[in-house]
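See structure below.
Chains: A, B, C, D, E, F and G, in written order; residue numbering restarts at 1 for each.
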């Protein structure tokens, strides 16, 4: 059986790697994790933000570095990307 | 009468087993529980995510490993699956 | 006059008994209470979940054992059931 | 001038008496207060629940004993009832 | 310049006086303040509740004494009334 | 470079001055700040409240003194007014 | 690999620099960061506020200095601006 893995341990393992972040609502991002705090607020580099406008068109926005409020994060997928699905 | 079972005790018994997670809203997931914290944030492996789109079509998405924010979890069903109902 | 009864005392008296749980929104459940914590998260056995779909049809789902997030519980009715009303 | 009366003091005076509870949203209840905690979760006996369905019809449901989550309580009216207005 | 006045100091000065309470949403009340706690839950006497129904008709409801949950209070106006505007 | 200025320091500097308060939603107010607490609940004198009704008409309401719940404040603009824009 | 960077460390590095702030909902701002607290409430100078009205028209509002409630901040982009995308 795989060893037990706590949530913050998993995030810590993702430092320096690509992380797919699925927000509550339709917004998704992929970026390289630089740091995080206990509330899962995250510093991310080389970020691609995927937005779906009201009329369904998909937009990609490139951002060098962001601080993301962890409050609206629904799910983290280490190494994943919406482009995989 | 069955012995008393506390919520976190039940989740602890599920480590390494399949767990059906019903979120507030329409989203459901099944995965193998690797770990969790006091807020029921959960690390899950071999995850199938069940989504119902606006027009009612059901989508399944396979994800190797995720960290799920416990904030939006409505219910956990040990060993269950939406495919059972 | 009936003796004073604190909320957590009442729930404690329900351990091992049938409990009707009315959620915020339309969802209701009946199950046997196995355990609970200070946030009224509850472990329930032999659960019947009553759902009303968007078109008004009533669905019953049977679940062996669940952990219910207490956050969305509106009301508990010891020994009651939606089938009584 | 009437003496100062703190919120929890007022509720305490209502133990054993009829209490009209107005929830956020359209739901109202009347019951005999058996106990409460600091979050104004309340144990109530001989409860009448007043609901207004989507099409405006008023329903009354009788419940022997309930535990009401204080989180959604908007207002308490000692000795009052929606039947008075 | 008028002296500094802290929020709880202002409410304390209102004990025994008429207070206009504007809730989030359309509900407003006027009553005599009997007591309050740190969450601005308030005990009010001789209360007039002003409600606007869905079709715009204004209703006044008289209540002898209430406990109002401070959670939904938007604004307090010492000595004021919606009848002034 | 301008010196560092902490949020509560900025509010403290506004005591006795006019303050434009923009709420979540469409409501805005201007008033003279008399006092505040750590939750940015505020005592304001000589208040003008700007409301936009459902049909777009703008209403101004004058209030001598209010206590404003800081919970719904989106933004404070020292010395500003909606009349400036 | 880039060094670890904690969220509050990143914000601290932005003192005196331009910061693009994306709020939950459609509102965005750019301003010079003067100070912040643990809740990411922020004092900003030379602020441009970008709003999209219901009918889609974009409005820019210039404000000398504001205190922004951190509660509704979704994302911070150091040195960025909506004019870049």
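Heads up, the rule we're going with is that contacts are C-beta pairs under 8 Å (C-beta built on N, C-alpha and C of every residue); 3 or more make two chains touch, one makes a residue touch a chain.
Note that the coordinates shown come from a computational prediction; the quantities given were computed from them, not determined experimentally.
The two sequence copies chain A and chain B touch through a face in which the numbers common to both fall below half of the numbers used overall. Rounded to whole angstrom units, the spacing between the C-alpha centres of chain B and chain E is 44.
Here the CA centre of chain A is 36 Å from the CA centre of chain F.
Across the assembly, chain C contributes no residue that touches 2 or more other chains. Viewed as a contact network, the protein chains form a single closed ring in which every chain touches exactly two others. Starting at chain A and stepping first to chain B, the touching chains follow one another round the ring as A, B, C, D, E, F, G. On the side of chain E, the complex with chain F involves touching residues 1-2, 4-11, 24, 40, 73-80, 85. Contacts from chain F toward chain E in the complex involve residues 15-16, 32, 34-37, 41-43, 45, 61, 63-69, 72.
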